[in-house]
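Submitted below is the structure of interest, expressed as structure tokens.
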Amino acid sequence: MQQSVHSISIPTRGQGLYEFTDAIERFVGESEIATGLLTVFVRHTSCSLLIQENADPDVQTDLLGFFRRLAPEGMDWLVHTTEGPDDMPAHIKSALTLTSISIPVVAGQTVFGTWQGIYLFEHRRRPHQRSVMLHIIGE
Amino acid sequence: MQQSVHSISIPTRGQGLYEFTDAIERFVGESEIATGLLTVFVRHTSCSLLIQENADPDVQTDLLGFFRRLAPEGMDWLVHTTEGPDDMPAHIKSALTLTSISIPVVAGQTVFGTWQGIYLFEHRRRPHQRSVMLHIIGE
Amino acid sequence: MQQSVHSISIPTRGQGLYEFTDAIERFVGESEIATGLLTVFVRHTSCSLLIQENADPDVQTDLLGFFRRLAPEGMDWLVHTTEGPDDMPAHIKSALTLTSISIPVVAGQTVFGTWQGIYLFEHRRRPHQRSVMLHIIGE
């Protein structure tokens, strides 16, 4: 049994879904692990992770639209407002989605379904460099 | 240290929670791993995973009712509508719940609490065959 | 490769976020595993897990405020009401947040970002003793 850890940096340019499925498959391939478990972990609290459909980009538009409506800027009862109007909604959207995802690896590849891609879900308006940690264990 | 991977297929007959705790315990038992980590991963983006109370079925009724109200069919701002009125709400509900769950295994069993069961949360109206991947590592 | 499992008990005194980052780091340190994967699993369905900012406590106040508004007590369509007005909202809030979180371990520490802390998110009003299972694998 062996394991490998790798940190990737994802540049974001405002709110949206940034796919990084390729970076993950490359890491799995380079690990030379045939059967195992891959874990993806995001090191922030104002962006998050999501596995979603990567066929029709309209799905991403609607996901953004839904979360923007569910946790809009300007909710007048918020007390944490010093970091900008998009900060507390960003923490809320992060709390509603994922911080870590674990994916089985079989035959040297993740077992993603046909339509699945993995995304960094950026909730802040300004550009950021987001740090995502990858860990794989197996043989 | 050893590991095992297994794919299970869960038939669904419309929106609802489908418990498959038994299938998981069977897989853990057959692996003969006493201490380890079990990971459950769903290979779709319009159904998801949930650990919830398996005592009173009313809990499931209310969970369905809540998510139906939170992401109802017919939201008039949606752009992804070609796959039916229940498709985009399904992606939203998936984004709000879980794609993978990892559960420690002790004494040859998952450490589920007394009232916990694991469910496939189907968000589409039509029947589907849903693919769930199980991975266990330990010894 | 080695692994270790540990159960911790977190006392709660009503709805709120209870940080237990220290307990996790202590477990990782005592395991003497330098590189590996830590998994945290909560054994209940009316409280949950969350990784969030641990700098400004106002973030926690607003997270509580958001979830209380999203799933308030007294929704008149609920059918599961026998365990008190805060019980079904608690199951809903649990479904919207996390039951398990996996965190890579590097150089004998979790790879938490600067502002990340891990919390037990209590959704019930009365005091509880909450059971959280920790599992680490690595070497």
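Order as written gives the chain letters A, B and C; numbering starts at 1 within each chain.
Note that contacts are C-beta pairs under 8 Å (C-beta built on N, C-alpha and C of every residue); 3 or more make two chains touch, one makes a residue touch a chain.
Everything numeric here is computed off the predicted structure, so don't read it as measured data.
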More than half overlap in residue numbers between the two sides of the subunit B-subunit C interface, or less? Answer same or different. different
On C-alpha atoms alone, could you tell me the rotation angle mapping subunit A onto subunit B? Nearest 5 degrees is fine. 120
Report, in whole Å, the distance between the mean C-alpha point of subunit B and the mean C-alpha point of subunit C. 19
Which positions in subunit A touch two or more other chains at once? 1, 37, 70, 96, 98, 102, 137
Which subunit A residues qualify as touching subunit B in the complex? 1, 35-37, 50-53, 56, 58-59, 61-63, 65-67, 69-70, 96-98, 101-104, 106, 111-113, 115-116, 137-139
Subunit B residues within the subunit A interface of the complex: 1, 3, 5, 7, 37, 39, 41, 43-46, 70-71, 75, 77-80, 82, 88, 91-92, 94-96, 98-100, 102, 131, 133-135, 137
